[in-house]
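Presented sequentially are two complexes of chain A, the first with chain B as partner and the second with chain C.
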Partner chain A sequence: MNKNQSNSNFKKQLRSFGAAFSDKGFRDFIIRFLSTLFLLTIIYEAYLWFTEQQRELDWITYKVSELSHALATALGVANCEFSCFMDGCRIGVEGKMINVLEGCNGLMLALVYASYIVGSGGWKWSSLAQVIIGIIVVQFFNVLRIGMLVVLRDLGGDIYFFFIKYVFNVLIYISILFLWILKPYVDRFFEKPNEA
Partner chain B sequence: MKLRDFGIVIVYITLHLLSSMQMDYLQFINQTRDFFDIPVALAIGTTYKVIIAFAFLKIQKVELIYILPIIGLALITRIVFHGPFPIGILAGWFFLYTRDTENQ
Partner chain C sequence: MSKHILLAILTFTAMQCFGQQQKNNDPLFNNWFTDQQKPIIPQNNTPPPPPGVPLDGGLIALIAAGSAMGYKKYKNKNIE
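This part shows the complex of A and B:
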């Protein structure tokens, strides 16, 4: 194939951009994914607005911080302090504190994960179960990540601190992919009692 | 999932996070938390991430007509909903991947 031919093929494919949306399965996935993400984000934002009106920190950020503090203490960080304010929590040893803000609670990641589950399978009981399991897995890695960051900050390794942040991101992303891989098996598990 | 495809996913996520690391470092040296304080870096970083995502999807043999909507989906996930960009890419890719595997 010469260069002109491959160029015209590329242009043809680009022109048929809308063709992806004539694929019903793909179009339905995109619509379900975005509408679920929209709906869950609205609910979450409404909850954040409500807690802000109450002049409180949201429960998820508080719990993630509290568990991370417990993990850091269990891992041997002496005099590990923990204090929360309206905009987030501070964990660690005096002078080496870590700020855990609302954006660090991992919930947006869990919502995108949930949107894929609903986007590919629709609203089903098995989807709900997978969303709950997914949120627990994401939060488990998140607590592990923040707890480890507190420990590393205490040990004084700034490079490790920087490094571990991204290592845990890779782990969280891979765990989400594994949960998606398990989806057909979970669906089958939930379908079996109905078939009987 | 084939080991080759899983390996490509790991490489993609690693390359994406390496660019995020650069961006975080730029935020750190500019003493800001807002990416709009460093707009040039934001534009370059976003373009780089889109190129990596495009290359990932192309290597995974996703057709071009699907690549653009998937990148669009990931950008909406990031910009509108503040979700993670690579998970948007992986969601679109994995949907097509499982569908194709089931059809084979």
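This part shows the complex of A and C:
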């Protein structure tokens, strides 16, 4: 494909995106998606600000760290320590710890997931149920990720950095995309009792 | 004339040598010929903080992916 063809394809895509934006359904979806994300982010940031004022660590980061520590201990990491500070928690064996900060708790990903669900389906009970299930799934993968990272760090070697940077992150992002793909089927499942 | 020049050079060298022999504890004014003292840096025994495990690096990509999925959904609806 030469440069002119790829340029014309890109223009065509852009034009069709513009046409889609003129479609009311898609426009409503984008507005709902982004406004929900904006609203949830503001609420979350306000909560973080509040906990900072209280000089405390936020509850989500604490719980994710606590569960990850429990998982790492269950997976056989001996002398696995767990200590929390205002900025985050440290988990692992002395000298080989990892730092679980606010950006590691996975809640922002869960908020993007929830915003898509609300944007796509509107404010409905089925959306709320999907949001709750989705947040649990995302947090499950996140706890699994941090627990495994503690184990890998304990085992030593450079493979830990590969996992921390790519493997687990990709796994969580794919799980969110997978949940989005599953959404129409879940919607159908929720709609069935209503039809009956 | 050359005598004066030679004398000036010798005086200058002697002054330099005298200057080099002066012990100066300030590392900034250490000379080039003696062993330079390393500046004293207070040693901090606290180890570097453990690495973080950030997750929110691809948020923009995820938002873009969500928008693209919505776009595809409504595009398919319009075709139907």
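We adopt the following convention: the second predicted complex is superposed on the first by the 172 of 196 C-alpha atoms of A that agree within 3 Å, B and C clash if a C-alpha of one lies under 4 Å from a C-alpha of the other, contacts with A are read in each partner's own complex, and residues count from 1 in each chain.
In the analysis below, a residue touches a chain if its C-beta (ideal position, glycine included) is under 8 Å from a C-beta of that chain, and two chains touch if they have at least 3 such contacts.
Being a predicted model, the structure only gives us computed values, none of them experimental.
**Q** Using the superposition on chain A, tell me whether chain B and chain C clash or fit.
**A** They clash.
**Q** With the two structures laid over each other on chain A, which partner does A:72 touch: chain B (first), chain C (second), both, or neither?
**A** neither
**Q** When the two structures are overlaid on chain A, which partner does A:116 contact: first (chain B), second (chain C), both, or neither?
**A** both
**Q** Which partner does A:149 contact after superposing on A: first (chain B), second (chain C), both, neither?
**A** second
**Q** With both complexes superposed on chain A, which partner does A:174 reach: first (chain B), second (chain C), both or neither?
**A** Once the two structures are laid over each other on A, A:174 reaches chain B alone.
**Q** What is the contact status of A:135 with respect to chain B (first) and chain C (second): first, second, both, or neither?
**A** Touch status of A:135: no partner.
**Q** Should A:166 be classified as contacting the first partner (chain B), the second (chain C), both, or neither?
**A** first
**Q** Applying the document's definition of touch, where does A:99 land relative to chain B and chain C: first, second, both, or neither?
**A** second
**Q** Who does A:90 touch here: chain B (first), chain C (second), both, or neither?
**A** second
**Q** So which positions on chain A get touched by both chain B and chain C?
**A** On chain A, the overlap between the chain B and chain C contacts is residues 16-17, 20, 25-26, 29-30, 33, 37, 103, 108-109, 112, 115-116, 119-120, 169, 173, 176-177, 180-181.
**Q** Could you pull out which chain A residues touch chain B in their complex?
**A** My answer: residues 10, 13-14, 16-17, 19-21, 25-26, 29-30, 33-34, 37-38, 41, 103, 108-109, 111-113, 115-116, 119-120, 162, 166, 169-170, 173-174, 176-177, 180-181, 184.
**Q** Going by the contact rule set out above, which residues of chain A touch chain C in the complex?
**A** Where chain A meets chain C, its residues are 16-17, 20, 23, 25-26, 29-30, 33, 37, 88, 90, 92, 95-101, 103-106, 108-109, 112, 115-116, 119-120, 142, 145-146, 149, 164, 169, 172-173, 176-177, 180-181.
**Q** Considering only the defined contacts, which chain B positions touch chain A in the complex?
**A** Residues in contact with chain A: 1, 9-10, 13-14, 17-18, 20-21, 24, 63-66, 68-69, 73, 76-77, 81-84, 86-88, 90-92, 94-96, 98-99.
**Q** What residues of chain C sit close enough to touch chain A in their complex?
**A** The contact residues of chain C facing chain A are 47, 49-59, 61-63, 65-67, 69-71, 73-75, 77-78.
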